[in-house]
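Provided herewith is a single structure, encoded as structure tokens, for subsequent inquiry.
Lettered A, B, C and D in written order, each chain numbered from 1.
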């Protein structure tokens, strides 16, 4: 069975976790080194241009992990970077493109059409239900999505007849990532995480995964979290590492802080249009492997550009 | 219509015709690009009370003309929304029956309204790896009424799609229901030449109306299969000056009206 | 099959709803008259002493509805009132008691032990999953809860073997209430509802039900909702009636506004201790059927008492 | 222990002994009454890093002495919490494996640790309709370790419960796992006389230790079935003055120490 969901083993991940409220602040370098492995299943939080934990993606590339399975509902620009860096073997997604303005990803096409990487395609809700089932602690969830489609046929998803209604339903198997990487607005040192604006699938992803790395715009005092407990969406006992990284999602957006920098993505895309895979690789070597840290990348981007994105955010919501 | 009469582009035509399909007071599951323009246009014309819903997790945003989002998951898409639910929740509203219309594009669409946005050619080693379903499969599976909005091109309208990303009526007749898809199904196909629907029995695509000046032969020449042509095919008025004026004011930089 | 879940019919409820953003402000009297029927399945929001829509419970009693099925995960004091008023025929719950301080409900015992009312018992999560399944638009959800118990055996819940994991799971059938009644902190006139503090099961309940009546502490302008969209948990298209009713949960609490008034509940309980069912009936005739509106009841309670509860809330969170 | 030695009530004894069972650094699913007192006490003694979780939707509140909540769904229970999830979410954390300990009471408990809090007598027309499961069934089904904390009384410790509200080891042996309950199970039974566990093979209740001064006969006289008595039964020290002092300071008005 392709979708063997060993709930007992996956539950042990949660049972064995140290649940004492201890500070988990560390450097991104350390967090990625400690929790990633070659061949790991890594879920990337946010959605397309929104709260992509880009600093962590850079760090994964810099540390040179191989044979990763990446889980992301709508995958974008970051997938190109992971592909051309040789990190990514399998993409579990519902959609991958640099975005509306640029159509299909030339990089993705090269890797998938030449069978250099696997594209495991689900519906959007399909990805959501895989993570939600794991977050809920059950091996599957039922849905009407994907019935009758080639997606269902290719994946070999089971179907059943509901004993109460007599209706047919697709059963979506749980997906338990080895690591979930989330970029959020704020957290305390213990890992109580708050996200402003749309939360996408980050809550379920964190609850489903074995390890959670959270990069955050701001680490705040525990008392501040306790004063606004309604906004916490991931509790500390799910989280393994908290890394303070302002602009850690750049060039994607972080709601409440800065808008996405489409000009940066466009300049990347121009390299690809002109030089294909090599163009993408040149972006990686200049901006990721050629620098020592995400901070150095941000410095190259420049203060003016970053603050412009902050202004742009305020301009949109005004 | 004859090209010398035209004071609009194909994109503008498609956006206007799609907008006209949207009923006031309904909830609309919208993607970026022409669907978003169509919904924003309808809101400013006959349907001020439609509600736009984005899969990124946005209910009832106020899209600002000239500040169009490039995705359904960004601050421009969420501007002045009344609610920002999780992505799953948006799809649960739909599965529950709260979303009336969904607008889909298509790389390929076949005579039963099945849509392919996944691969051209073989799945394992495709000739073209397209972006994939996104929310399209979910919309096709559980939205109440699906409008397919696409250019009328032979390479798109194929006898049989290479891959059913988003199910229409599958093999026609009752096969959609037999597969367990007890809700929804393709409602209309809107192109830059015609409006099509589906035969109630066979579920095969049927031309319902063409735009003024379009010959039925033109419709057929640009399709890879022969749709049903009823005895009476309606004729639809081209975009009005008002429609075009408002549409262009929504996207003054022609970000989406490419 | 006892748990026939006709998803097609229930989905039509949602499909046929008027989804235009029109104002839905009305009086409680009108809302209850318009949406309730004898024999209806009515879900009551909040949990035990928290955000119980007490004004609406009073109104149901005043309008004299009969043969109601009440759905509430943890049911309290309000159940006694509905029972002795002859409104309640079946209680779908996981727990019913006036609360820790008073132990078992003498009123509930009388009605259930004499088979005058039915007590349909689920686990707490069982009630949650029934509503969540309906909210998600699927006829059931799987869980490990209730397996092996007499609860499962009595209810005749189906079980299945997961095709992926080989594990046994209980399948909880969806529950679609005819009406859900929620008390919330605020809403706009269109019914975009915001709840402060714990949300209990109110979100799923509203999404599951055919009709939703929301009583709120405060009706606010639509712009205020749009400025704080992250806090909205029920969208306007689920909601049928919005009723502004400050203190509409009294004597239960409304987080952010006032603490529960346990002295009020204690004085009710004293009547029951002294005079049993008749004691409970005397409470109803004095405070509910003997007054013309919830406002008159609040007036009897008095300003000083109400403001004391506001102070008490502030005192706890300080 | 001999009653003339005792400077504490049965409730106090039970609260202290339950508190001692809680391991530091763990998450604890707690109800109101003695379980809450036990958790608050443990936090102030050997286990400062335990996290209290309430089913009403509260993670890590700081319970204020003298301001004890009467339910798990109220502002006093949520004071200074770090998160206020929905009720379902709390149970999903548990089903996922994030909750280490749950503390349950019992109107009836049998030799395999099955608990009844639903009905005494026949279900349809019960002699006593009890409040019901609440979250107890869920805790018994999916929490990692369940501690049952109850007074040691013959009417509570019965050969077979009238109704299994919250499953223990069902009919003993492997029957719990065979029913699909692959996680957790009763860990300890703490009473005002003894600490009991369950035999690894048969899953029958077994006396592990008695409190200093309690005779094993006293334990057996107050049970409706005979538990396993191993050759060596441990002896446990009575509550210390410090434990009692702190316990009483948490509930100075004796709201729960009744």
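In this section, contacts are C-beta pairs under 8 Å (C-beta built on N, C-alpha and C of every residue); 3 or more make two chains touch, one makes a residue touch a chain.
These numbers were taken from a predicted model, which means no experiment stands behind them.
Interface comparison, B-C against A-B: more C-beta pairs in contact at A-B.
Each chain gets one centre point, the mean of its Cα atoms, and the points for chain A and chain D are 40 Å apart. In whole angstrom, the spacing between the mean C-alpha positions of chain C and chain D is 29. Residues of chain C found to touch two or more other chains are 7, 137-138, 143-144, 167, 169, 197, 230. Among the residues of chain B, those in touch with two or more other chains are 78, 84-85, 95, 142, 182-183. Chain contact topology: the protein chains form a pattern that is neither a line, a ring, a star nor a complete graph. Chain pairs recorded as touching, per the definition above, are A-B, A-C, A-D, B-C, C-D.
Interface residues of chain B, counted against chain C in their complex, comprise 24-27, 49, 51, 59-60, 62, 78, 80-85, 92-98, 100, 142, 144, 182-183. Those residues of chain D that touch chain C in the complex are listed here as 32-33, 55-58, 64, 67, 70-71, 73-76, 78-79, 84-88, 91, 95, 118, 123-138, 140-142, 163-167, 170, 175-176, 179-183, 255-256.
Interface residues of chain A, counted against chain C in their complex, comprise 1, 3-7, 137-144, 158, 160, 162-165, 167, 169, 171, 173-174, 196-197, 230-231. Those residues of chain C lying in contact with chain B across their complex are 7-8, 10-15, 17-22, 134-138, 188, 190, 192, 207-208, 222, 225-226, 229-230, 232-233, 235-238. The touching residues of chain C, counted against chain D in their complex, run 46-50, 73-74, 93-97, 99-101, 104-105, 108-109, 112-115, 119, 121-126, 128-129, 132, 143-151, 154, 159, 167-170, 197-201, 203-204, 253, 255, 259-260, 262, 313, 316-317.
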